[in-house]
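Consider the two complexes below, in which chain A is the common component and chain B and chain C are the respective partners.
Our next item is the complex of A and B:
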């Protein structure tokens, strides 16, 4: 394809990205260094000296890390076993994962609220079965928030991990086993390295997207969980503090871009190493 | 103001029909059943009285951002906007609103708290104490001190996850007199909130969520807006509430700076502010008119009045929200409130 054609085809997308992403981002960065009409690091200073902002930023990262660890722990075995099944069972399992994308995030969050609350299905069921005598506090706290977020984030991990596992031939496992490896050893030493890029992609997706949660912690956290986006919304729409909100946005953006860069660098190295072998 | 006077004013508005007044205007509010009610009982009759003004409507998602953008760019499309009390004060402070023409609009019956140079109250609503009747029967908590008294009223609480109205409630629970609520003693309010926090099952984020907590019995005592409580009750929820000690808040009308049909909006507002117009709103939706004279024109029945914040008999034990204080102190109060919650 000639250069001119490429440029013509790419131009509309570039214009949209420029107008909808790059320009507002630059405007946000500009707002973050403006205080009472003058250039100043006042908003960043506030961000790093206000206890509220520090606690919220820490809590946001802790929450994202917890959700990521759980998604990897649940998602990896699921994706692996799904990838080893006959095609019909496989499609059914992955179909179930994909179907969760069809319901809106808000609906799924409210559904968890109804399921997990004191008189909800989960607690009533456990009491009926005699597993617990008092309803457990499953929601309106960090536990409920993590449950809801894991449910929403799991497909973002499973799908890339699954497609990576799919490319691992069965013969690899058989060869390892025939040489005396246990199933666990074969998985850890042979399968996992081959699927590493898919797992890393899924992990990055989950972690980065988890930093941006608003509705789920707001509804399932019972008011005791506050994420950076919730603080942003508060600063913006309720307090009209554009400067502080922009500075917080800039810090989140830098953290996200930094993490994504590290992840892609690791994935890239991995892929190069695979090719070299 | 007597009925006779309002008829004269009405006629004056209609006939005086200043030729400069345009025959179109745009009204913006938060939408939903509420805006439909406003259209039916306030906008349409006022438009008719002015000789058939064509009223366009807009529904905002983030009123302040849109208002700021309109005024800043000089592309003002709203002629009359309804905002929350806090937003009205902020908008006025930021110079986003035209001054209200009180020669044209008779607001003499309006209490001081709900009229200002740049805005005029539209409706009242109250953050009330609601309770589950399966838990307490008819004898629920009658004051914020009762809500804070976990021995007399054992059970879980749900409060709003927002400093406004809740700090006032916390101070009342701590024994602050109604007239001493403002300026709010932030430290004292936070200390009071910390005492009740272990008994708060949920700090709710939205009115719909709070209504669900109340309906499902997830919380025994809920601080929530009276309109929401009423709909839970009419849905058959085992719920009762009291206006005693409630924090009374309000919404208000403002005219954006540089509104293209400013004079028409002003004339519309003059009609809407009449006691006879004000009295029509509770006939279609459970919100209380900002003009207290609305209860003196024989339109609002006693039954209907019993459910309205500002009705005689309900208003006495309540405290009117001071939006001016909040506009000046939201940063400090908001940070203290959120920090208190995160440390629970």
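Our next item is the complex of A and C:
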């Protein structure tokens, strides 16, 4: 079971990945540096001088950043509290997170479309509670897009953060508290550093995946949100735009793969440092 | 202050699960697509899924593609799982990275790049073209799921079968394969869902007569919402739930043996 056998066993999978992922991606990169049949950086220049592309790239990063901040803000206390529950309650909570993790993105986007509309459950509820006097515009704009994306991305943050918190012993908190630290202080300076790699993994997942969102902003944004993936989809139908679209795709690919690689490297280093201590 | 964490957890869980659950009662509502809670109840959305040709054809087409993808991904992904297990330390991480690559590249980029390539090859709206791209998404899931089973294999059973006179193929079939059934089932379900639930690539490279159900659903949500969407949603949720249950079951069995 050496060399040759391993190659034979893995080859079919590699052929599929090569044909369906690597070859088209390389072709896209090649198209991005070709202008009128010659090698040129024309498309990249256009990318960085066209106002539309600048706005879209900025919006894509801003949207991803907003979603990431909200996911960290909700997900960190969730993962921590959940990790301190009795094992039964803990498993039930994480079971629900896992179910939502796997639930179809399209289905969830549809559900939010229904819930957030003018006469939807959320607006009706807020009116009944007297929070607002007339329905708010919650969907077909940025707000709706952010809500839908947070709902989809939250499990991607909670799951790694939770498994990191699970390894923090209760004694750490008790020791800090007995030395006079407030609960918040004990959490920030004693618990958080121990779970840093899990939180960093979750944060990277959310940010990187948010950069590539298409379906949710296209359906919940109502044309008021334009992300780089949406621009790619639009340019698809215009043959003359394929070059610039390929350059935009290359930038998106570099951002995603680059960020993922940097995070992987940093987190790996951190874990090694933990081990060395 | 003790109730605060519980209160927060309940709120967050409600935020996560309730929007998903409302889809089920909505699929049994009659009339206006966006009314929740529904005023009248009935199964007309599910009937429409079968009676209206655009939905039925898309559903059947998606089932066909997902079945093909699963049938191909299971042997290819399982072979890769064995290959990774037997590879030397150094090669394993490189090979694993390549096999798992499709999970890292944003779907929108794959959709765009595939459209451009397929347009030149004349492969747009061609079933084998869609199957190939979905296959690349499904194989990593099978390799991951079966890999767990391969690591937990009791190899002595294989030797025992060989000692009892079985040839290699027979020993593999009778002594190794049954141990992998739970992993294969989980991997197969993952592969099926990876294809059946995929909306972005299909949006670009599968249109016209070869529209998938997710593409049909996306265009309906974008242009003119059709209540049939809620029936499709319930169907997709049921498949997801069976996926989670199957992998939970697999973990139990693997832990026990």
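The criterion applied here is as follows: the second predicted complex is superposed on the first by the 255 of 277 C-alpha atoms of A that agree within 3 Å, B and C clash if a C-alpha of one lies under 4 Å from a C-alpha of the other, contacts with A are read in each partner's own complex, and residues count from 1 in each chain.
Assume contacts are C-beta pairs under 8 Å (C-beta built on N, C-alpha and C of every residue); 3 or more make two chains touch, one makes a residue touch a chain.
Fair warning: this is a prediction, and the values are worked out from it, not measured in the lab.
Annotation for the three-chain superposition on chain A: chain B and chain C clash. Of the two partner chains placed around the shared chain by superposition, chain C is the only one that A:99 touches, whereas chain B remains out of contact.
Shared-chain residue A:13: touches chain C; no touch with chain B.
By the touch criterion stated above, A:155 is placed in contact with chain C alone, chain B being left untouched. Judged by the touch definition given at the top, the superposed model places A:252 against chain C, while chain B stays out of reach.
In the superposition on chain A, A:121 makes contact with chain C only, while chain B stays out of contact range. Contact with both chain B and chain C is seen for A:218 once the two complexes are overlaid on the shared chain.
When the two structures are aligned on the shared chain, A:264 is found in touch with neither chain B nor chain C. Set against each other, chain B and chain C differ in how many residues of chain A they touch, and the higher count belongs to C. In the superposition on chain A, A:50 contacts chain B only, with no contact to chain C.
Working note: chain B versus chain C after chain A overlay, options 6-14, 24-32, 132-140 or 258-266, clashing stretch identified as 24-32. 113, 117, 119, 218-219 are the residues of chain A that lie in the contact sets of both chain B and chain C, per the superposition on chain A. By the touch rule above, chain C contacts chain A in their complex via residues 5-6, 8-9, 12-13, 15-17, 19-20, 22-23, 26, 34, 36-37, 75-77, 79-80, 82-84, 86-88, 91, 95, 98-99, 101-102, 104-117, 132-133, 135-136, 139, 143, 193, 197, 199-200, 203-204, 214, 217-218, 221-222, 225, 229-230, 233, 236-237, 240-241, 243-244. Residue ranges on chain B touching chain A, taken from their complex, read 62, 64-65, 90, 161, 200-206, 209, 212, 216-218, 330-331, 334-335, 338-339, 341-344.
Interface residues of chain A, counted against chain B in their complex, comprise 50-52, 55-56, 59, 113, 117-119, 140, 218-219, 222-224, 226, 231, 234, 237-241.
Looking at the complex, you find that chain A touches chain C at residues 1-2, 5-10, 12-14, 16-17, 19-25, 27-28, 31, 74, 77-78, 81-82, 84-85, 93, 96-100, 102-115, 117, 119-121, 151, 154-155, 209, 211-212, 214-215, 218-219, 229, 232-233, 236, 242, 245-246, 249, 252-253, 256-257, 260.
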